[in-house]
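Below: the structure, in structure tokens.
Going by the order they are written in, the chains are A, B, C and D; count residues from 1 in each one.
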Amino acid sequence: MALTKEQIAQRIAKEVKDGYYVNLGIGIPTLVANFVRDDIEVEFQSENGILGMGPFPFEGEEDPDLINAGKQTITALPGASFFDSALSFSMIRGQHVDLTILGAMEVAQNGDIANWKIPGKMVKGMGGAMDLVASAENIIVAMMHTNRAGASKLLKQCSLPLTGVNCVKKIVTNLAVLEIKEDKFHLLERAPGVTVEEIKKATEGDLIIPTEVPEMSL
Amino acid sequence: MALTKEQIAQRIAKEVKDGYYVNLGIGIPTLVANFVRDDIEVEFQSENGILGMGPFPFEGEEDPDLINAGKQTITALPGASFFDSALSFSMIRGQHVDLTILGAMEVAQNGDIANWKIPGKMVKGMGGAMDLVASAENIIVAMMHTNRAGASKLLKQCSLPLTGVNCVKKIVTNLAVLEIKEDKFHLLERAPGVTVEEIKKATEGDLIIPTEVPEMSL
Amino acid sequence: MITKTVKNVTEACKGVKDGMTFMLGGFGLSGIPENAIAELVRLNVKDVTCISNNAGVDDFGLGLLLQKKQIKKMISSYVGENAEFERQMLSGELEVELIPQGTLAQRARAAQSGIPAFYTPAGYGTEVAEGKESREFNGKMHILEHAFKADFAFVKAWKGDTAGNLIFKGTARNFNPNMCGAANITVAEVEELVPAGSLDPNQIHIPGILVQRIFEGEKYEKRIEQRTVRKR
Amino acid sequence: MITKTVKNVTEACKGVKDGMTFMLGGFGLSGIPENAIAELVRLNVKDVTCISNNAGVDDFGLGLLLQKKQIKKMISSYVGENAEFERQMLSGELEVELIPQGTLAQRARAAQSGIPAFYTPAGYGTEVAEGKESREFNGKMHILEHAFKADFAFVKAWKGDTAGNLIFKGTARNFNPNMCGAANITVAEVEELVPAGSLDPNQIHIPGILVQRIFEGEKYEKRIEQRTVRKR
């Protein structure tokens, strides 16, 4: 069975290691915070200027001066810090953030990513995504394997305007976990009950399939 | 009579206007603070990270965490702020400081200044001087008109390694106040009792002398 | 101390003219200079270019200027939540330049710092890099970006003093400190204006030298864009 | 919170090796990482390059490393007050690269920020510009300067917490914040180490993400270089 969005987040949470500073994009990535083991120390950075981001506030405790990059009201954990946008992107550009998790519309087998613009449609902007993908050493893309029309989002080459080049290393979709190496997708794990054949069919780019493809554990 | 160092500082203090942020170099410039009118609002910046620098502390109140760029113990006035070196030089490079007063070994008629290095002698370094002269729109040089050997310090061309090019606008020496315009020294005022002839003799660079050269008032 | 206080928002916005470029602090609706924006609407200044991370919502923030068609061009990183913005953009009435958020912050900080240009990896290989110089440093490609130039910067702080010193609160800090001193005139509005000397000099985020005018805002709505809560 | 505390200065300096490049905070003797310097002397690490605004005095600060001839090269803006320094420099034992103070600060901040290079007017037309690219922006000449690269940054703060968050005091702040995160490993020593959560998150000057190791210094001499006072 293909994973739900929650399950994609759950699988990605296993990539979050003790001592990591993590930047979570909007959408599925935001859900990852809910699944991180609570016996490890992790801090979430939001590019609008907080490190040590906590959960949503209790009703009645919302503070307009305390939001995340999705403009949602949040809380600050003990030990948190606030800072300006320039220092925030110093953390990102200076590779002090250990892991960036974000969504994508397309990923190419050379690690290119497109997630900000569809020609002909209203363009909202790249926000911090271009800084994040250009700088992060460790980027995981969280997305559905195919789009609503059923077309693969894992391509030989992106068709949409790019957000960044040669930057994605790992992808977790509703069907599989894949790694990008030497300009190819490498299948690492498949979703429980999903066959290699299904994944192959849903992947337009070159897919390297090892003899053994374990089912992922959540 | 040629001015004393205190009198040079006193004359320069008249160039300090209401609302000015001022950076004072070491030596004669430091003395300027003592002569600024007390009916105007002026703030002194020290490039090691303070705005609103006050006088020396009372005996017993010295704080090792509160010094000026000359490493002297100082105080902070009410309304002062502390900041890091990068922001300090943002103030300087970003032309937020209104007036820079510093000493020089040589000034050329095109505004070049040399004040950091004498070949063959121990070089201590330029400190913040190169940033200051390269960025300030308003630089006044405070110095003696001639060196100890009696040679002019106002030259056609600097002989010493430069600190900055085309940057000095005004010079106050023990003999005169001069302006630099169109690659020439322009005599504006003479020290009380000093003749134009004496100034001419002490100036190696091209000197433009108007018909009337008023005596400076201190 | 040099005094930076002005009587009110009207005095603070003196000199604002049609065709000027403004920088405005804020992220979403958090930390936006509400009072200055209201005054710009009242002044009905036209054809302005706004450098601001976002463009407000339909009836708040920069959305208020958009409603009155005062904005000629927006330079932003994300302009999502605004139907009138979308209409004007699609009809070609509004020019929009989208730039990466970190580049926006750094171009402001560069302007503040007298750094005319710097290299950043953000946007290399994308349409953001088109027409820009690119260059390899440490085996990685970067593009050359320039400091912003603007006539006014409008920022909002939590507390300020009469010498123009500013302290920000929470994530309402965002771009506000980086825009101070990044334009010819910086106008700071604060929730609480105190006498110079009342703030701890160690805690001042932005020294008064980077602020030309300061005033206490008459009122702050501080609207919340996405009210998200959890159950007790 | 991610914990950055190490037991002591010895643990904090683990991994320090001959031939490495260190950045050290401080202006004169104010705000220098006294305990780390003492440990580097004890470790007798050799052939190091030190990026530091000054070089200490004969018997304190970096002067202590100079005495033991541990330093191969100094990158500084001003190295005035040190007879042994002068002797080693004139004899050619010590390599010295003098750079403008603002350029030093900005090269550190660039390293912290992932900005590989930037343009500055400081030093244009002087020997500092020799061999460097120069370029005109806004009618004014600038030179290209690069971010520093270093193995360790040693900084000193006033207070810090176990998450690595730092608060500085007075002008002892100086280069310390700019060097945090500007080297592979940043070691912060503080006068007072408190539990994470004890510091106001609005008042933190440097967030812990830019610090890898933090410890409370055993003792601080905080020597005054120029004791200047006025009469009561």
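Basically, a contact is a pair of C-beta atoms (placed from the backbone, for glycine too) under 8 Å apart; a residue touches a chain by one contact, two chains touch by 3 or more.
Computed from a prediction, not measured in an experiment: that's the story for all the values here.
With chains reduced to the mean position of their C-alpha atoms, the one farthest from chain C is B. Chain pairs A-C and B-C differ in how many C-beta pairs are in contact, and the one with more is A-C.
Separation between the centroids of chain B and chain D, computed from CA atoms only, is 29 Å.
Mean C-alpha positions place chain B and chain C at a centre distance of 36 Å. Taking the mean of the C-alpha atoms as each chain's centre, chain A and chain B sit 56 Å apart.
In chain B, the residues that touch at least two other chains are 50, 76, 82-83, 86, 89, 92-93, 135.
Among the residues of chain D, those touching two or more other chains are numbered 106, 109, 113-115, 120-121, 168-170, 201-202. Pairs of chains meeting the touch criterion are A-C, A-D, B-C, B-D, C-D.
Those residues of chain C that touch chain B in the complex are listed here as 1-3, 109, 111-115, 161-163, 165, 181, 196-197, 201-202, 204, 207-210.
Interface residues of chain A, counted against chain C in their complex, comprise 46-50, 55-74, 76, 82-86, 88-89, 92-93, 112, 122-131, 134-135, 161-166. Remark: chain D residues 27-31, 53, 76-81, 86, 89-90, 96, 98-106, 108-109, 120-128, 158, 168-178, 205, 222-232 touch chain B in the complex. Of all residues in chain B, only 19-21, 41-43, 45, 50-52, 76-83, 86-87, 89-97, 135 touch chain C in the complex they form. On chain D, the positions that touch chain C within their shared complex are 106, 110, 113-121, 137-138, 140, 142, 146, 167-170, 201-203.
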